[in-house]
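Some structures to go through are shown next.
One chain, chain A, links the two complexes that follow: it is found with chain B in the first and with chain C in the second.
Our next item is the complex of A and B:
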């Protein structure tokens, strides 16, 4: 029983990180129907920036991750305005895919493919709750993930800006008629999407060792989560991420770690076959 | 009309001059490698095995330096051509193909890790070039009847846990551990370790409560170790490389649990293990194929010279790399030429003195000296067992929690 509880807790916490990684992707996909193939690569880039700020300038990683996310926001808006906006959705996907490969090569060149980690010794312990161990670094990652998701959700529901984003998703033409500058919204959303992944990447760097080609492993999982949750639904992404996190953990614990990566793909295939719109198939 | 003819004549003359220049360059330049002996190798300098591959690079560089100080080989300077295989077997195999056919090296040193050596040796055997390597010792490498590969790790991966069992045998009956859990990556070397460990355990009547494999390169061992903790074995053996060895200790700490004995491979023998984990590494046991306190002739000079050149003492990886150079050097000097068949024959029929000990080869190409059992105690690697004898005091059992 305790093993089950431990496996579920492990999966839940890591599901939070999955959610944060996929949230940015979901936002971009929802707002402008673009599958950002470079999402994971940018997340890892943020991890490296936070790592550098930490090891070179001794900047606390929790501050460093804000800095790297802001940087990613700026990169995102520029990337959207000068590249993504001007081409068709398919072309955008192709360009972003190339961007991902380019980013990886740059990261390998600058930082080499050695494993790096943002080591915080005070997070390497755990707290025990009724015999189940909650790893501190994952708990922190989970907390950051939930907090940011909550902030984004609040923003989307209650601020003018958030409503403008939702309008742009639901009905771009109607939104324009209502006075929403849809292009500007899209640009900001793209930047925001990258920034969110920036937080995710930095959190990842605190929990796991990371290296440039890790992005390739993550992007598949992120797409599976977004499709499973329903494109355009941020709540769906959150639920899907946690479900997959727990599923991965259960398979890894009860069957074998070798089969765990397969879970995401089985889920993806089942979703596309049985309910292609995903769990929360409606738009935000 | 006239200017057109002049122009075409000018073009033809320019083309002839360029062609002549190129021809002169190719035919008149000195034949490459005539005054230099090229030694080629690919190592895992980046990727999963990067930290360990670095030690081999230092070992090779040190050897080339030492040989050149003695006047080189066969009167010629030795030059090292080194590539990065990025911890990938396919990349490594291609690089060795390149070293042999394009760079046309005279001698070969081996790469790191059993899976990579396994892939590369098919290439080197095809070209009938000797490769001396200190990086891969899974039995599978040597079970193909290959005649051109030689190992400088003093034993096979299957025997890597031998020191641990020699020490366990020496414990009083009521203190002996009874249960064992084995975890390993699903790759050649870790699987070989697990297979060997199981045989040793079964012979002693120790119950194997869990044998779990995990994907190569995984960065999360929580599910695996959660399972191990549930089974509560006395011994945990991990067939690991450096990154997963570190991960095992970190995850055990987060689960706030230790078995009585933790034995990991590759990681614990490297100084970076303590540098990365600090106090958490205390009590962790591992194998070592060589320590700076080894009694063989030439070891002291090797350790001091290495330290002077690189600012740190060599670990067993660097020592085995250096030994690989020593084997090649001895063979080439004895045979007096670069004939690969003669070199192979000589290595097989002579006992060669190296810093990792006197290496005498079986028909298959590996020596049978055996590993040491080491344990980290307060920042130092202490040798607990060597050559079948217990030579040190071990911390046993390990405390079962981390607080």
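Our next item is the complex of A and C:
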């Protein structure tokens, strides 16, 4: 019973990280129907930037993650404006996949494929609540994940920019007629999606060891979460992330953690087969 | 009839004839070995081209089919002693079967869902084969029995096997391009909605195209397993193969008959030459993915498209 409770608590906390990793992907996919195959690679890049800022310049990772997400925002807007916009939606996937391969091989070249980690000794403890251990680093990661999801959700719902994004999702031509600069909205959304990855990657780097080709493991999981949650719904992404987090934790506890990517893949295929709209997405 | 054919296609026929006698005139086994690996990549890229180039649904996990073919041969040869040339064909069929499993739920949808599903296909199979020890040998892989003759003879046999498979891949692509099915596939690529409205059974054709595209890499995987006499999940389910299939094909010209072969010939030669001249591991991946991005942005028709457009050479 305690094992079960522990597994569920772990799953919930990991689900927060899953949500943060998938949030940017979900945003970009929802706004411009571009499946950003390079999202995980950018997240890992952010982890390395934060790692370097921490080890070389001794900058606190919580400040480092803000810096790396600002950098990723800039990279994202430039990338969208000069590269992604030039190709069709379908070719964009191929292009971004190649971009991911490029980034991964550059990262292997610069940092090698050895495991790195942003180690914060004060976070590597746990607190016990009724016999269930809560790891502090994961709790912090979870808190950051929920906070950022809440900020993005608030922004989408109440600010002019958020309303413009939603209008561009629902009807690009209508939005243009209402005076929304759809191209600009798309550019900023792409940057924003990568900026979220900046936080996600850094949180990942604090909790887990990372290496460049880890992106290949994550991207499948992230797409599974976004599709399962439903394209264009951030709430759906959050729910799907937590469900998959708990599912993976249960499989890891009772069977073996090696099957986690398989769980995500089966969820992806079943979703596409039985209910392509996911939990709460729009029509495919 | 025959005379016309010879007059029209003599350069291609000359190359085929040269490659057919190559093992007998080659000064060193090294070159035969090199060419058979080049053929292997050309088969995988050519297979990819059917779904990615002609149908416009790029797959990002073609290593899955190669690996399934390799494992089919490895298991059947080492456990049951079935002759490798039968198992290679069976491997192709297993790969096509897996393509059906992945394609059936995902190809009914338009847009990037198929691409997303294929993205983690190879990775998932790698994990599956790593952890199904009793059947697949797990991380230790499978060793195949050594062929009873000298290594040069094995290489020559494998060379011809790869060569014939490559010819079959190219011939299939050529016939496909000229058939109604090929026309329908290109319609799907250019405007799927219009194709559907005109009565093209899009889902069915996409599925057939995907299975065909999986078959040839599966056969190549089987021949490779026999050739290397040892396989494990890391070498046959590697993202590098999926990536090379896309890059070689797009560089040469996706959606053309000879594009994948030309792309493989050029880039694989550069890759091998670089491996022997300067040894900075991983730099080939940086350069190739960079080149491929430039191809996607600036000349999506690839080298063949460029030659057709600029010089007016008629390459099929």
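Keep in mind that, in the parts below, the second predicted complex is superposed on the first by the 282 of 284 C-alpha atoms of A that agree within 3 Å, B and C clash if a C-alpha of one lies under 4 Å from a C-alpha of the other, contacts with A are read in each partner's own complex, and residues count from 1 in each chain.
One rule holds in what follows: a contact is a pair of C-beta atoms (placed from the backbone, for glycine too) under 8 Å apart; a residue touches a chain by one contact, two chains touch by 3 or more.
Quick caveat, the model's predicted, so the values are computed rather than measured.
Trainee: Please tell me, clash or fit, for chain B and chain C sharing chain A in the overlay.
Mentor: They fit side by side.
Trainee: With the two structures laid over each other on chain A, which partner does A:252 touch: chain B (first), chain C (second), both, or neither?
Mentor: first
Trainee: Which of the two, chain B or chain C, is in touch with more residues of chain A?
Mentor: C
Trainee: Per the contact definition in the header, classify A:262: touching chain B only (first), chain C only (second), both, or neither.
Mentor: Only chain C; A:262 stays clear of chain B.
Trainee: Contacts for A:89 in the overlay, against chain B (first) and chain C (second): which applies, first, second, both or neither?
Mentor: Only chain C is touched by A:89; chain B is not.
Trainee: For A:125 in the superposed arrangement: first (chain B), second (chain C), both or neither?
Mentor: first
Trainee: In degrees, to the nearest 10, note the angle that opens at the C-alpha centre of chain A toward the centres of chain B and chain C.
Mentor: 60
Trainee: Where does A:6 make contact in the superposed view: on chain B (first), on chain C (second), on both, or on neither?
Mentor: A:6: touches chain B, not chain C.
Trainee: On the A-aligned overlay, A:98 touches which partner chain: chain B = first, chain C = second, or both, or neither?
Mentor: second
Trainee: Applying the document's definition of touch, where does A:115 land relative to chain B and chain C: first, second, both, or neither?
Mentor: First partner only, chain B.
Trainee: Minimum Cα separation, chain B versus chain C, post-superposition (Å)?
Mentor: Value for chain B versus chain C, nearest C-alpha atoms: 5 Å.
Trainee: Under the contact rule defined above, give the chain A residues that sit at the interface with chain B and also at the interface with chain C.
Mentor: 108, 256, 258, 261
Trainee: What residues on chain A touch chain C, complex-wise?
Mentor: Contacts found on chain A: 33-35, 37, 83, 86-87, 89-91, 93-95, 97-99, 101-102, 104-106, 108-109, 213, 216-217, 219-220, 223-224, 227, 256, 258-259, 261-262, 264-265, 268-270, 272-273, 276, 284.
Trainee: Where on chain C is chain A touching in the complex?
Mentor: Residues of chain C touching chain A: 56, 58, 60, 102, 104-106, 109-113, 115-117, 119-121, 123-124, 127-128, 130-131, 239, 243, 246-247, 250, 282-283, 285-286, 289-290, 292-293, 296-297, 300.
Trainee: Over in the complex, which chain A residues touch chain B? Could you list them?
Mentor: 2-3, 6-7, 10, 14, 108, 112-115, 121, 124-126, 128, 133, 135-137, 208-211, 214, 249, 252-253, 256-258, 260-261
Trainee: Using the touch definition up top, name the residues of chain B that touch chain A in the complex.
Mentor: 46-48, 50-51, 86-87, 186, 212-215, 218-224, 226-227, 230, 243, 247, 250, 253-256, 278, 280, 402
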